[in-house]
Amino acid sequence: MADSDCVIVMGSNMAECHPVAFRWPMLAKARGAKIIHVDPRFTRTSAMADIHAPIRAGSDLAFLGGLVNYVMNSPRWSSEPFFKTFVLNYTNAATIVSDEFKDAEDLDGVFSGLKEYTEKIKEWPLNAFLGQYDSKSWQYATAQDAQAGSGWKANTQQSGEQPAGDERSSGQRGAPAQAAPPGPPFEPLVKGLLKPPARRDPTLADPRCVFQIVKRHFARYTPEMVERVTGCPRDTFLKVAETLLASSGADRTTSFAYAVAWTQHTNGPQIIGCAALLQLLLGNVGRPGAGIMALRGHASIQGSTDIPTLYHSIHGYMSHPSALKKHDTLANWLAAETSARGYWANTPKFMISYMKSMYGEAATRDNDFGYEWHPKIIGDHSHLPMFVAMNEGRVKGMLCIGQNPATSINALVERRGLGKLEWLVVKDNWVTETATFWKTAPEVKSGTVKLGDIKTEVFFFPSAQVAEYDGSFTNTQRMLQWHYKAAEPPGDCRSDLWFTHQLAKRLKQMYANSTAPRDAGFKALTWDFDPDPSLPHEPGEVPPTAGDPDGLKILKEINGYYSDEPTKHVASFGDLKDDGSTTCASWIYCGVFPAPGQNRSASRKADPPGTPGAQLGWGYAWPANRRIMYNRASADLNGRPWSERKKWVWWDGEQKKWVGLDVPDFAATKPPTAKANPDAIGLDGLSGTDPFIMKTDGKGWLYVPSGLVDGPLPTHYEPAESPVRNPLYKQQASPVYKYWKREDNALVQPGDSRFPIVITTYRLTEHYLAGAMSRFNPWLTELQPELFIEMSPELAAEKSIANLDWVRVSTPRSSIRAKALVTRRLRPFTIDGRVVHHVGMPWHWGYEGLVTGDVVNELTSLVADPNVSIHEGKAFVCNVEKV
Amino acid sequence: MPEPMGFYTDTTVCIGCKACEVACKEWNQLPATNGGRSKLSGDSYDNTRRLDGIHWRHVKFIEQFDAERRQGRWLMMSDVCKHCVRAGCLEVCPTGAIIRTEFDTVVIQSDVCNGCRDCIGACPFGVIDINPVSGTAQKCTLCYDRMRAGMTPACAQACPTASINFGPIRELKQKAQARVEQLHGRGERGAYLYGADEKMLGGLNSFYLLVDKPEVYGLPPDPKMPTRNLKRGSLWSALGAVVVGVVGLISLRSRRDVNV
Amino acid sequence: MSSTFFTEPPHWRWLIILYFFIGGLAGGCYFLASMIDLVGRPTDRPLARLGYLIAFPAVVVCGILLIADLGRPERFWHMLLQSATWRPMLKTYSPMSFGAWGLLVFSAFAFLSFLGALGEDERRHRFSFLRPPSVIGTIVSALGGLAGFFLASYTGVLLAVTNRPIWSDTTLLGAVFLVSSASTSIALLMLLGSRRVFLVGGLRALARFDTFVLVLELITLVALVVSLGSLARVWLSAWGALLLLGVVGIGIIVPLILEVRAHSPLSASARAAAVLVLVGGFLLRVVIVLSSEAI
């Protein structure tokens, strides 16, 4: 970001929530870059910005759509060769979409393929879709459509339940497995998945090409419409648009930064997708100072999606085997999840190496590498449905490790759920609200819930802190950094590593003599992380706590090694094999530990000040220590940098390879002139000018034919709760968002005058999340001691509220108290011609800690985005009254 | 003798994160107001309000918005002892607890101070106050202990945006001057340095880049030495003594005249 | 706006107000006593003795008040000796430092004169050489009287040598405190001497002195307000009302009227006037100290 000419922070309060990362935009600013902040409130980020564009919470897509519209209609964009070349060659703009596809333009807000949700999965009726799309009609028009019967295999499979699809899980539905011989080698299987390449129109004139569809789709997102929907003054919007365009091109780049104010919406991924579309149009992808930065939240939350704690994927972004898809055998899983073209053609290698890591020697070619043993998911097992299930008595116990659900999401429903458990383990550094929900929660204190009625047996395990054991962090930049144990944890505190390791060992012991077939997998599971007692510790090192696993052994398991020669580590994912000869838990981390003694995440070699570079010696960024992904896009069609100022990697004709400041994200010796071989799988199926090598067509996707369950193009929908009717379409909210129908989950209908005020929730620099990590610390509590609600003087005057007055904030779910903080940093919006008030609340308080306060998450509703099941904590409606 | 060291604080890049405030407390093990159970002040995001014996750093928040929100600024500034070259606190301290260090900084020796509080009223910036734990006057030491060990002060080290710059005053002044020029070049005509000039108390070893009047940031436009009043005050007192003495003489004498 | 508005109050409250008041009485009583001893009539010497007898206990109380007010009372001696080297600690330009020494010196004189005044009046005793007309006594009283003037006024200079509003916005506080200490000390001596008929001559002289001093006090107060200029607006408040009614009205105007009306310094109205002067003097310090502390 320090290389950006313009940084647009939107959907995040970067200065307050990512203060250390914010030094990079500040550095860019010092060098002359513009900072833009798009946020309902004027925050500490806005204070640093050149432009603050206020928008109503939940209207980001309209704003971004307006930018797309502005860019596509601007003379400069239409005429400058850079944009033309980039869009035509590096994106799917020229690709023709199937005739069956109907856009939201045609259907007033919905796409073709929408069907009512039918609850056909009985075991787990918690998926909560309002509706579902069949994405068949969204696909590219292939050559096959033109020349039917050419021998290309048809895409026959239908999407079933798609928890968090990516292009593989829903788009590239594989051929029936029996068509391919069961491997390994799996190459024939992958070959069998080849489909004819999509049809393209390089003139971009075809009305069915992506470019034309996109242009039509965003035609209604005019500046006037942006103002109507978002409340952002038109001149401010135009200033943003002009700055963005002026800061993009061959010589200049703009980056976006977002966090959970884009994700916590019923259409969150679509908002992010719209930014991606915009950045692709502007050539701001794969280049220095460009891109879209997802500012991750919790420490190592990136690591926990890579080595996932997510239910729907296994390591390295492969789909979790699911009982709802055609995943019954390894070959079928491979057929469903592998794409023939692009780097994902290597999926069998990654998967088999992963299975070897799970089951070690027990995983053989004859038993499908133990695929049978691998657990399968049966629906949406994400946070919200789990708690709904808990409420229904379908969950018996919970291990709550480093999470505080009693306050952090839909708190009332979640506490009710906790009360229905038989047992609950809380492992935390502090005795959190979750640990004491049964005695100190407001509903227990007030007597609404009787202490005796909660039967949950609660165990509290004191947790060690991060500086008390060796391990790694993976940060927002996908960079792993090793950290060392600096101190012994106090008392009985043990690390999460210790807990998980000891639990696994004890469970394995318990199952050791089981003959039940379902336990075979557990018995076969390899678990060899005990530290080697013979290994000496270096002087100055704090020795590990007794019972801790060896962190380096875990890192080695993740990095990978040769199955028959475990001391030999796999040096790169290019070396992984699909025959079981390599063992690797997570292919993307391959290379972090290329040889014993070479833990590259511990590397701390910074570039000398002033040298242009990517700090390749500092830590290790997956994949392959690459700092900017898809960086082939930083060079033009001939492999030369688009401009001297923005050079990053380029083709060196003499050495006949890609070189540059970063690790090139391309086949190292494939020249820009290389032609795609339509009959070849993997990267050979892509040409020397296809930078997006993870994509089946090597292009950046303006139009997303598969991977998203709520539509191929970003479309503005109102949040589940909104004070206005959608000014853009008849369709009010996303037709497919998730809603859990419960008595305690009533929603406000649009325009309900009892709850006319838009409310959003957010963080303060001074506190951390649910507050356990800050509300027990006097140095932090004195900085922000009490829960407050920020409101404009206009609203305060209307409601006769004075600064510091106590007010009651209510939604149909609950009502809480907070002190008023009246400030002009908040403002009323004029939406569709009428004044809409906007308030905001930080949500860090609870009933434990040095300072306490009401739980803001009692106000929110149980609704979620259909792709990733994230709650809509960022935009709903409420009422406020002086108490 | 090391050269004068200090702070140049560029308020235009302060994001108000208060990391400096907390880092200072952590390093110096200072307690929190009421054990952390303080009250919401209602004054923007400032809940510690001022510098005192347990707040040696304090971040100020100044909201400037017009009613239409056409103009809007949220100024933030991390305040601290100015380590004045001519320091009022140092001058008046009757115990010699306040000293000037080899780095040209001003430090209160906690083991010497007896809590007379003369320095509190003497400081033109309202920096000092009593630390209730020690019973002595306290303020920023410019991390004298860290500096002696060749380390950066805790607050500067923690500052993510380099709003707090630490170093030799000479270098800081150059850096600050360049920044002012850069800002002027970008149309920020209001940017200026506060306290970098020797005219202000001989120069502040902790000086600031501001974009509005000093008063807006709670800084005195024209800080003065307390001892400016010493001579005149003494003279007037002496004159008073003479007058009272003469009047007394007359009263006591004239009576004799009358009565004899 | 004056730069003094950006500073912090030192939390000098009731102990310090009391100190200012009692210190003023100690210094004032002493210099009155020494003036009576040195230039007054021999028949007035009991009044002078009274002054010495008040001064020393008063200054002891002062010391106690000052020490009690310290954040670290056990370190009071750091004002006089450097704690690390045991060398004397004196800064001539710091009123607090100089004042500490002044207080010490004054205490010494007050102690000597106290001893000298211990025995019954006119009767020779062991320490009577410490009182005029003996040579030593004359020297002690003369120097002690000067120290008394110092003690009575330095506290005003101390306040001026800060950066607090009002205090440091004028240089007249020392003079004001000095005059006030004179008026309150005269009042105290008059009050305590008023039962002794044989002192009527001296008391009458004191009453006249008091009248002059009260007028002088009024003048210095007006000068004080004028010297503050626009800053005097701070006193457009309860403090100003207290200054006007309590200090000027009750402490100066009413006593002046009473004194003019009183036919004898032994009369009830003269005594009432004395009490009011004392009250006024106390309120003066209350207003000066607290009106600035409150800002």
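Observations on the structure shown:
Here the chain labels run A, B and C in written order, and each chain numbers its own residues starting at 1.
One rule holds in what follows: a contact is a pair of C-beta atoms (placed from the backbone, for glycine too) under 8 Å apart; a residue touches a chain by one contact, two chains touch by 3 or more.
For clarity, every value in this text was computed on a predicted model and none was experimentally measured.
Interchain contacts link the chains end to end along an open line, per the touch definition above.
Seen from the Cα centre of chain A, the chain whose own Cα centre is farthest off is C.
One inter-chain figure worth recording: chain B and chain C are separated by 33 Å, centre to centre, where each centre is the mean of the chain's CA atoms.
In terms of their C-alpha centroids, the spacing between chain A and chain B amounts to 47 Å. Between chain A and chain C, the centres computed from C-alpha atoms are 77 Å apart.
Chain A meets chain B in the complex at residues 15-16, 19-20, 22-23, 26, 29-30, 42, 44-48, 52, 54, 764-766, 777-786, 788, 803-804, 819, 821, 823-825, 827, 850-851.
For chain B in complex with chain A, the residues that touch the partner chain are 13, 15-19, 21-22, 25-26, 31-40, 42, 44-45, 47-48, 63, 65, 67, 69, 72-76, 160-162. Here chain B touches chain C in the complex through residues 50-52, 88, 91-97, 111-118, 120-130, 134-137, 215, 218-224, 226-230, 232-237, 239-241, 243-245, 247-256, 259, going by the rule given at the top.
Partner chain B is touched in their complex by these residues of chain C: 1, 3-12, 31-32, 35-36, 39-41, 44, 69-73, 75-76, 78-79, 82-84, 89, 91, 93-97, 99-100, 149, 153-154, 156-158, 160-164, 167-168, 171-179, 182, 201, 204-206, 208-209, 212-213, 216, 220.
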